[in-house]
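Got some structures for you, see below.
What follows is subunit A paired twice: with subunit B in the first complex and subunit C in the second.
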Partner chain A sequence: MNGTIAVALDLLRESISRRWFLALGAAITLVLVFLGLALRLDVVDGALAATRLFGTALDNDIRSVDVALRPVFEAAADAIFYGGLAFGVLACADFGPSLLAPGRIEHLLALPVRRHELLAGTYLGVLLLACAGALYGAGGLALILGAKTGVWTLRPLAAALLAAVTFTAIYGAMLAAAVFARSSALSAAVGAALFVCGIVAGYRDELLAAFEPGVGREAFAGITLVLPRVSALARTAADIAASRPVDLAVVAAMLAGVFAFGFAMLALAVWRFEGRDF
Partner chain B sequence: MRRRSWLLVTIALLGAAAFLMSRGDAPRREPQARVSFPRALRPAEAQRLEARRTLGERPAPEHVPAAEAPPGRMPPVLDPVLASLPAVPGRSAVVVEANALRHSPIGELLLDCLLTGGDARRLDEAREELGIDPLEDVDRVAFGGNGVLLVSGNFASAKWDALGEDVRTERYGDKARFFGRADHGGDALAVWGDELVLLADDRRELEQTIDRLEGRLPPAPPAIDESSTYGEIYGVISAEQLANLIPAQEQGLRDRVREAAERVELHVDATGDVGIVADVEGPQEALVRDLGKSLGAALSLARVKARAEGDDELVELLDLARVRPQAGRFALELALPLELLQRHLGGGCRAGDEVRATEAPE
Partner chain C sequence: MLAIEATDLRKTYARSLLGRGGHEALRGLALAVPRGSAFGLIGLNGAGKTTFIKILLGVVRPTAGTVRVLGGSPDDVAVRRRIGYLPERLQLPPHLSGRAFLASVARLKGLGSAEAEVGRQLGRVGLAGDAARRIGGYSKGMRQRLGLAAALLGAPELLVLDEPTDGVDPLGRAEVRHVLAEERARGATLFLNSHLLSETERVCDRFGILAAGRLVRQGTLTELCGSGTRWRVRFAPGCDAAALARLGFFAGDEAGAFFCEADDAAALDARLQRARETGALLVELQPALRDLEQVLAEAVEAA
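Let's turn to the complex of A and B:
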C-alpha cells in the first residue's frame, strides 16, 4: 500500500513539472477571475432580481437564485465534465508509457515496490490529479457564486467529482493500452475512443430502439453494455450542479459501475504487466 | 496473487460494471419543457372574440340622464358576456372559458378522474332532467363585480320546468325571462334569449344587466377589455382579494399588496401545460417594483422551504415561478406542467377509486 501511495505522489510531482497542467491551472484561474470581476448579481432574500455582466443587464426576471443560475451551473458542469475528460485524455496519455520507458521501469522494478503497486499508484495518482483539477474549477466557481449571491452550495463540487471518477474509468483503459503497447499515441487513441463510445453508450436505450433486430443490434447491445455511460454521467453531473432532483440510487449504481470498469481495466493492465519481462 | 487471477478479477469486474451501469439505462425524465404563458390574444382567440360580437351597435337611449352617460365615446363592447360585466372599483370579475377548459388536456384529465361509475350516471340523469349537456352546451361561466353570475352557452333545449312546479316565469324586456318562486324567496334567476343564464342575489342587478344588453341603459365601462380575453380563464382581481390569497403568516406581504397593487389582471392558459400570469399594476412605480421583489423573494423562500422539507413536487412547481418586472408593473408567472398534473391527478383518481370501491354496497 505504501508503495502505491509513493508512486501516486511521484506522479503528482511529475505532473506539477509539466506545462500542460500549469496551463490548465492558469486557464481555470483566468475563467474564475473573469467571473469574479465581471458578474454582478442583485439578490433579495434568495431571489435573483438582476444579472449584469460588465454592467449590461442579462436578465431581470425575479426568480430563485439557484433556478436563475441553472444555466451557469449546467454550463460549468458540462465544461468541467467534457473539457476535463478531453484534457485528461491528452495530458495523461504519456504517464503510462513514460512509466514503462526503458531505464525508468528497470529502476522502479529494482525498488521494493510490487508490480501491481506501480500500476495502482499511477492510477491513484491520476485519480487524485483529476479530482484536484475538478475541485479547483468547481470549488472556485461555487465560492464566487456563493460570495455574490449568498447561496452556498456544494453541488458543483459533487458534479466535478463525478467527472473525475468518470475520467479514471477512461484512464484505466488508457493505462491498460500503454501496458500492452508502450505508446502515448495509442493510449490517447484508446482514451479518445472510449470517450466517444461512452457518449454513445449513454444513449444506449434510445439508440437500441433504432436498430433492426439481428446481429448488429445484439453486437451494439453487448459492446455498449460494459462501457461507461459518459453522456449519462455528464447529464447527471449537470443535473446535480443545477439543483435538479436526481435518483441517488441510480447515480450510486452508475458510479459503482464506473469504478468497477476502471478497476477491471487496471486488473487487465496488471495481468499483462505481471507477465512481461523488462 | 497468481497472474491468472487478475484476469478472472477483470472479467468479474466487467460483469459487475455492466450490471451496475445498466441501472442507469432507464429512460430519463426530460427536464421540464418551457411552459407557454398567455401574454396576448392568439389568432384563434381573436376569431373567437369576433364570433362573440353578437350584440350589434345601438344608439344611446334617449331617456338616460346626463349624469349617467359615460364620459367620452367608449368603444362598444358587443360580446354579451363582457357587456354584462361592468367595472366595479375594488371588485373582481373573472371569466372561465368552460367549454375550452373542458376540452383542454387538463379538462380531459379531470373528467377522466371525476366521471367514473356513479358520477357518470348522475351526469346522464342531469342531462335528461335539464335538457342540456353541461359538458358541451355551456360555453363560459363569468363572475362579475356587481354580484351577477353569468353562464353563456346554448340553452335552446333547456327544460326550465325542471326548476320546480312553484316557479313562475315572467317576461322582461325583449328577450329575457325571470324565474322566481311565488314567495319571491331565494336568488334571482333570469335567462336572456337562449344564450345567457344570469343569477344574482338582487333582482335589480339582473334587470340593469338586461337593460344594458338590450340598450335601455347606456353601456358601462367593462371590467374586462376585449383585448384581454385570452387564455381559458381571464379577468381582473382586486388587490384585496389577491392579498387574501396570501397565507396569513405573510402579513407584511399582504399589506404590501394592498398598498401597491391597484389592478391585477389574471390569465390562465390550459391548452397544454397550465400557465398562469398575473399582471400587477399600481399607481406608484417604486411600490410596485418593491412588491415584485418581495413576491419573488417569497417564492424563492417557499422553494427553499419545500426543498428542505423534501416536497419535490412543490419544488418542481416553484422552479417555474418567476416575477417579470416591467415599467410600472410586473407579471407574476406560475406554471403547472401537464406531466406533473397527470402524476398528481392520476394518484388522486386511483385513491378516489379505491375509496369508492370500499364504499360501494356489496
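Let's turn to the complex of A and C:
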C-alpha cells in the first residue's frame, strides 16, 4: 500500500476512536434522527401543504415544495460551512503535533515511509475526514427531506464539499504551523486566525472601497489576495444549496485560489519537515 | 559483511535558526558492526548515543561523515524496511488497541496480510491477552513490550533497540532477553543502547564506549575488561593457599579462586604447572575481567 494512503487511513482509524469525532458523529446522527422522526411534511401535487414538528403545525404558505426547501438547504449549508470549519479547526489541531510528538515521530521516520508521505497522508486523511463529515450531514439531510417530499437533489452535498475543500486549505496552514512549532495551541490559533481573516477576505472588494489610497490599502489588498475567501465561498455554497444561479467562472477562480493556498502551505510544511532533525 | 559502518561521523545541533553556534553531539565517530553480532553501545548521558541511533535511522542527518546501514543509506526506504527500531521513549497512540497499533505499523512496513504476524509478535512479548485493550490503559512495561513487538514485525535483519528493558519488571527482562536471543539465532543483528550495563553484558557480544561524541573503546567483553596478563583460576577444595601465594596466586572473590599474572601462554602454563606440583587441582581458568562499569568510568575519564 502506498505510504500516503496508509498514513491517511491510519488517521481516519485514529479519529474514529477520538472523543471529538465520536461526539460530532453522534450530534449529526441525533439531528438527522430528530428531523426524520419529528418533522412531517405534507406534499400535495408537488406543493408543500403543511409542515408539522412534533405534531404542531407550522405557519407557512402553500408553495412548490422545492422552493419551500430552499431556505432549509441554505441554512443547512451555512451551518455546515461555518460550523464545520470552526469544529475542524478545534478538532483537527492536534493531528499534526501528535504525529510529530517526541517518541512517535522517531518511530514513524524509522519505518519505510518517506517524510513527505507522512505529511501528505495526514493532509489527505484530514481532507477525507472533512469530506466524510460534511457528506454525512448534508447527505443525511438531503436523504431525509428527499424521502419526505420526493425532491431529490445533490446540491446540499455540493455545498458541503465546498466547505470541506475550504477547510483543507486552512488545515494546510495549521499543519505547517505544527511542523514549525509542534504545538496544538498554535496550530488551532493559526486555523482560527485564517478562519476570521478568510471571512474578511471574502468581503475584500467591498472593504477595499472603504480604504483611502495608500500603504494601508495596498497592504490590505496584498494580504487578502492570498487568503482563502471563506465568506465568499460560504455564500457560494449557500447559493448552490438554495438553487440560486452561481457564476461558474468565479467559483472556479475561488476554488483555484483555495487549492493554491492549501498546496502552498503543504509544500511549506513538507520543505521544513524534510530538513528537520527530530 | 557489516551491518553498520560509520566513518568520521559528526553532528552539530544548531542553537539558532541561522545555524550559528551549536552543540557538537558527535565528533568524528567511527564504528563497524558485523552482521549477526549483538553490539551494545554504552556511555553516559549526553555522550551522543541517541543521536547516533537516530542517524542510523535517518531521523537525524549528520553534519559530516558517512554512515551505511545494511549496505545502504538510512534515507533509503528499502533499507529501513529491513530495520526494526524501538525508541527510548516510545509515544503510542492511546486511543488505539495494541493489536490495531501493530496492524498500523505492519501496513506502514508494507507487510501484506499481517494479521498472523501481528498475533505472533503479540504472543512473543506476552501481550496476546491484552491485544484488544486500549494502549492508554497499558502499564509502562506493557508499552515497552508493545514497542518491541512493533520492532520485531516482519523479521528485520537489524534490530536497533534504545533502552529495550526500560520499565520492564525483572521477569519481563528475562523474557525480552529470550526474545532477543531468538532473534540472534535467526541471524538478526542487534544494536543495543542501554544504561543497564548488566543487561547489555548478558545480551551483547561486542561493546562500544561512547564519550564526548567519540567511540573511545570497542571490542568484546574480554578485550574491554581483560588486562591480557591477568588470569582467574579456581582450584579444587583442599589446595594449599599459602603455597599458592608463594607462587604468585592471590586469593580471589570466592573459595578456591585465585588471580595470577602471566605475560603469555608459556608463562601461564609454567605457573600453573608449579601450582599443580603443590597438589592443587585446576578446575577453572579464564581471563580476569574487570567490571564493565569500571571500564566505562576509566574510558570516560580518559576522554
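One rule holds for everything that comes next: the second predicted complex is superposed on the first by the 275 of 278 C-alpha atoms of A that agree within 3 Å, B and C clash if a C-alpha of one lies under 4 Å from a C-alpha of the other, contacts with A are read in each partner's own complex, and residues count from 1 in each chain.
Note that contacts are C-beta pairs under 8 Å (C-beta built on N, C-alpha and C of every residue); 3 or more make two chains touch, one makes a residue touch a chain.
Because the structure is predicted, anything quoted here is derived from the model rather than measured.
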item: Fit-or-clash call for subunit B and subunit C when the two complexes are aligned on subunit A; value: fit
item: First, second, both or neither for A:112, with subunit B first and subunit C second; value: second
item: First (subunit B), second (subunit C), both or neither touched by A:277; value: second
item: Which superposed partner A:6 touches (first subunit B, second subunit C, both, neither); value: second
item: Which superposed partner A:14 touches (first subunit B, second subunit C, both, neither); value: second
item: A:103 touches, of subunit B and subunit C: first, second, both or neither?; value: second
item: Broader residue contact with subunit A after superposition on the shared chain, subunit B or subunit C; value: B
item: Minimum C-alpha spacing, chains overlaid - subunit B and subunit C, in Å; value: 14
item: Subunit B contact footprint on subunit A (complex, rising order); value: 44-47, 49, 60-65, 67, 116, 204-206, 225-229, 232, 235-236, 244-245, 249-251, 253-254, 256-258, 260-261, 263-265, 267-268, 270-271, 274-275
item: Subunit A-touching residues of subunit B, taken from the complex the two chains share; value: 1, 3-4, 6-7, 9-14, 16-28, 31, 292-297, 299-301, 303-304, 312, 315-316, 318-319, 321-325, 330
item: Partner subunit C, residues of subunit A touching it in the complex; value: 1, 3, 6-7, 9-10, 13-14, 17-18, 98, 101-114, 277-278
item: Touching residues (chain side subunit C, partner subunit A) in the complex; value: 13, 54, 57-61, 77-78, 80-81, 83, 85, 87-93, 95-96, 100, 104-105, 107-110, 134, 147, 150, 160
